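Pasting the structures here.
The two complexes that follow have subunit A in common; it is paired with subunit B in the first and with subunit C in the second.
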Partner chain A sequence: MDLAIFAQVIANGILTGGLYALIAVGLTLIFGVMRVINFVHGETLMLGSYLTYFLFTLYGIDPFLSLPLAICALFVLGVAIQRFFINPVIDAPHLNQILLTFGLVLIIQNLALILWSGNYISMTTRYSAISLKFGPLSVGLTRVLGLIIAVFLTVLLTLALKRTEWGKAVRAVTQDREAAMLMGVNVNRVNMVAFGVGSAMGGAGGVVTSMIMYTFPLVGMLFVLKAFAIVVLGGFGSIAGAVVGSLILGLTESLVTHYVPRGSGWAEGVSFAVLVLILVVRPKGLFYAE
Partner chain B sequence: MGRFYIRLMAFIFLFSLLGPIAQAAETMKIGVILPLTGSTAVIGQEEKRGIDMAIEKINAAGGALKKKVELIIEDNRGDPTVIVSAAEKLITRDKVVALTGGYSSVESLAFLAAMKKYEPVSVWQGGGAVKMDQMYGKERWFFMLHPRSPDYQRNIADFLNGIQPRPNRIAIAYEDTSYGVDHSKVAKGYLTELGFELVTFEPFKSGSLDFSALLTKIKGARPDIFYWIGYAGDSILITKQAKELGFAPKMLLDTVGVGFPEYADSLKKDAEYICGIEVWGPYAKFPASVQYPQFYPKTEDWVAEYKKRYNREPDYWSPISYVALITLTNSINKAGSTEKEKLIAALEATDTMTPMGHMKFFKNQFGAIHQSFHDMIIFQWQKGAKVPLWPKQTAGGKLGYPLPAWDKR
Partner chain C sequence: MPNKAYAKIPGLVALLVLLAFLPAFLGPYSMHMMILVLIYVVIATSWNILVWTHQISLGHAAFFGIGAYTGALIYNAWRLPPYLDMLLGGIFASLSAVVLGVICLRMAPWALAIATLAFAEAMKVLVIMLPGLTEGAEGVGIPPLFGGGEAARTKAYYLIFGIACLSVLLAYTLKRSKLYYAFTAIHDDEDAANMLGINPTKYKVVAFTLSAFFVGIVGSFYAHYIAYIDPHAAFNIHISVEAQIMPLMGGLYTVAGPVVGAFILTLLGEYLRITIKTGYLIVYGIILVVVIFYLPQGLIGLAEKWVKKR
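Our next item is the complex of A and B:
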């Protein structure tokens, strides 16, 4: 086995896994706090992606500057969605919640198709498609930057959950909603902020994807199913689980693509087979705390 | 009162009988079936733009057999059942002398199955599936203008074979639904027949979020040419990641994914030198017809006229529809009659240059006796525009080959 190529394959897998993590972390936060299966998550990514694209092409604003803008914008949108759509069904059966979020997905996607057409668009910044060389390794600069953003935001979120008052409240609600309510935690506010933060993470994912791949109205769908699989694998609500799950998925895809003949056709199949196997052994996910 | 109505009805009835007779004496009716509404309306409307341009010119040049040509246009809404009833109505009620139109292969197959009963002379621009050739290609009344789906790969193979110095090692990657799978199989056949070495032959999932693993593998196989068969989004990402991985073979080639204007707009100079194929493009460089310069100016002039009229860029559905209708009326004039056998003979003798390419019916390898257009255009992005490089005799520039390093583009 050629070690240089092996290193390249592993690097590819980690970079892809980092991207998955950025999207899965926001999703698992929302699920952990509210127990709501939020299909709109993919659309926050799509909106973040278009926002970045338009800010860049119309006003020349660098994607790194639009990152905080996208985070704020999607936070506000997330809070609004929670307040006006999710909150009324928070105690309704799961099926109703799924139908509601799925309905929102269809509305947002179709609005995007009407406003921006179904064309695939992408932008070219000064540092697009520049590659960094580490010995025999060659990795895209934007992918590395994307990974850095993912790590940075995930660490920030973890710290916020550990250190801040809001974080403690979030963890309390995640563990036991009723008990938290009885202890005087303002669950409604925790819900709203958690949904906002989750959506903001999705928006940040959009900023990164707009840089490294392309944008079109259905781009969220490409990610959201994988993100769900990752969340299930990691254990619903577990951020560490989402990160590990993302890396497992990214690495398996990369290894299968490279080392199996006609492998890219198999990559997703094998990855999901691995997920199924892990779930058979640990039905509640890798990081599920009893 | 009752008597008045009876008289009125009788009068209307008599008049309606006279109407078509009087009209038939004055005009030459041709039936056109297009998907003018429905999900494929964008294409039906583009076809109609070509047809509107054609009929104006035909009648300005004296029509057919000194009669004004009258088009009876039916909208089949992209529906294969409606196409059959529309064609039956045109034949039995309107008594048209011939038919033209069509878009998809599904519609065209339904049309052909139903028309075997009537055998109307049809100069048909719809459908590229070889199934049409195999099942109905021997029908003498049926004339196909659309290139057949394997023609894409035959053109690509011939194009690659003509490059100097000739490349040898080819890596193929294809998206794994029927589009990519079918095309890759045909490509493999043509390329191995010409003695190329296929160093990889890998499927991928369209909409993949990352192609770096696939590209690392292909880069490792050291191909001269990397040829992928994917959709628009895939092509953008594959190009970006090829650059990131420093993968710069002598040529990067795709089928249709790199043809969209958004591709070059998105990638800017990274789209430079990428090659693709399309049935036809407004940048094509076909010369004017010797026989029919009034109908078929050189491509550039035809496109200018189209742009002036519609204020937009044509895609290939307008010129192919334009050529179909004019071929029909030219052949009626040449036959001097609308009698079926004479008209078929005249159509078979068609041999002229058109803005769409060389128009001549030939017997193809898939079982059809009347196929016309089969040369497609292979282009290379150069300075943000498509430069046609194939067919060779109508090339509009020089092929950039082998490709310079990514940072020199």
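Our next item is the complex of A and C:
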């Protein structure tokens, strides 16, 4: 086995895993707090991706400047979706919640399809073509920057959960919603902010995907299925689990792509195979907190 | 309420007679639409059976696809009679449901929801990646059902009409059986059901398997009727979405609801697809949201309320 190629494969896996983490962390946060299966999460990514694309092509705004804008915009959208759509069904059966978020997905996705057509679009910044060399390794600059964004935001969220009052409230609600309510936590507010923050993370994921790949109306669906696999893998609601799950999935996909014949086709199925395997072996996920 | 049940009989008979004589009045395109409607009647009715146990599947396309592929591949290999071939499609779909159900149905409802979605996608990847067995992304052609042509279409209509009647009859019989009480006991309170000696997982697996059976049959029927099947049509997420929206719109937990939903949405969907073209699924999304907020009992619930008021 060629070590240089192996190192390259691992590097690719980590870069992909970082992107997955950015998306999955937001999803698992929302699930932990609200116990809602939120399919809209993929659409926050899609919207973040289009926002970045249009700001760049229409106004020449660099994706890195779009990042805070996308985060704010998707935060507001997330809060609005929680307030007007999710909150009214928060105590309804899971069935209604899942179908409701599915309905919202259909609306947002098809609105995008009507407004912006189904074409695949991508943008070219000054640094799109630059690749960095570390010894035998060669990686695209945008992918490294994407990883840095992912790490930065995930660390920021983790610190916020550990250090702030809101973070404490989030963790309390995640552990036991009713007890938190009795202790005087404003659960409604926690829910709304958590949904906003989760959606903002999804939007940030969209900023990254717009730089490193294509933008199209179904891009969110592509990632949300994998993000769900990761959330199950890592244990519902666990941030650390989501990060580890993302790396496992990114690495496995990269290894399969390079070392299995016709691997890029098989890699598409890795997340689902891993998901089923985890459900069999460890139904509550790798990092389930009792 | 026996009186109320008997009151429905004349309407039901009229509907069945109308459907039985429909081929005499309809042209080829309308016949094709009616066949699609009946396919969706089966899918929606079957999906709804699982809901009685308060579980939902987001991947019924998997069973449709498994039925379609086992049907097409077995027919091409052995040329079994199409009826037997469709039955095999149902059996294979049920077997896969047993396996998936035993794995996932011990867990919370969302585990099944996500696992079924993943299962359908995984099956699609598997079919694309094993061209030696399945002919991969290119799809499988099979000789048309009953030799093709207009006479064959009429025969196909009666066949799917029969299958649809059987699936609705299954749902109706189940709803009046002891099994239904076990299903709803799980739905209402799983722990209590457990204590009363009802093993929730066992009943959930039974419901899941029954729910997959007829979907596998119509999958195989579809492959025979269209005379061709490919991975993207067979495991289309659209099928899974329709399977949820139709019962929801008609009325969950009822027998008539999925049937009503399938009729309205298949025809509405076709109309929208022709008139709007791009993004017509937005209407489905709006229907989902509106129904969940304002019509949780579906159209059947609305009709019952209306009748009571008068």
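Basically, the second predicted complex is superposed on the first by the 282 of 290 C-alpha atoms of A that agree within 3 Å, B and C clash if a C-alpha of one lies under 4 Å from a C-alpha of the other, contacts with A are read in each partner's own complex, and residues count from 1 in each chain.
Heads up, the rule we're going with is that a contact is a pair of C-beta atoms (placed from the backbone, for glycine too) under 8 Å apart; a residue touches a chain by one contact, two chains touch by 3 or more.
Fair warning: this is a prediction, and the values are worked out from it, not measured in the lab.
Legend: residue contacts after superposition of the two complexes on their common chain; A:276 is shown touching subunit C, with no touch to subunit B. Of the two partner chains placed by the overlay, only subunit B lies in contact with A:140; subunit C stays clear of it. Shared-chain residue A:9: touches subunit B; no touch with subunit C.
Of the two partner chains placed around the shared chain by superposition, subunit B is the only one that A:123 touches, whereas subunit C remains out of contact.
Residue contacts after overlaying the shared chain place A:77 against neither subunit B nor subunit C.
Looking at the shared chain after the overlay, A:258 reaches subunit B, while subunit C stays out of its contact range. Touch criterion not met for A:45: it reaches neither subunit B nor subunit C. When the two complexes are overlaid on their common chain A, residue A:214 makes contact with subunit B while staying clear of subunit C.
By the document's definition of touching, of the two partners only subunit C reaches A:95; subunit B does not. Taken together, the two complexes place residues 262, 265, 268 of subunit A in contact with subunit B and also with subunit C. Touching subunit A in their complex are the following residues of subunit B: 173, 176, 201-205, 207-214, 216-217, 220, 232-233, 236-237, 240-241, 243-246, 260, 262, 265-270, 406. Taken in their complex, subunit A has these residues touching subunit C: 37, 85, 88-89, 92-96, 98-100, 102-111, 113-114, 117-118, 225, 228-229, 232, 236, 262, 265-266, 268-269, 271-273, 275-276, 279-280, 283. Of all the residues in subunit C, the ones that touch subunit A in their complex are 51, 54, 56, 58, 103-104, 106-107, 109-111, 113-115, 117-119, 121-122, 125-126, 128-129, 241, 244-245, 248, 252, 278-282, 284-289, 292-293, 296. Touching subunit B in their complex are the following residues of subunit A: 2, 5, 8-9, 12-13, 15-16, 19, 119-124, 128-131, 133, 138-143, 209, 212-214, 216, 222-223, 226, 250, 253-255, 257-258, 262-265, 267-268.
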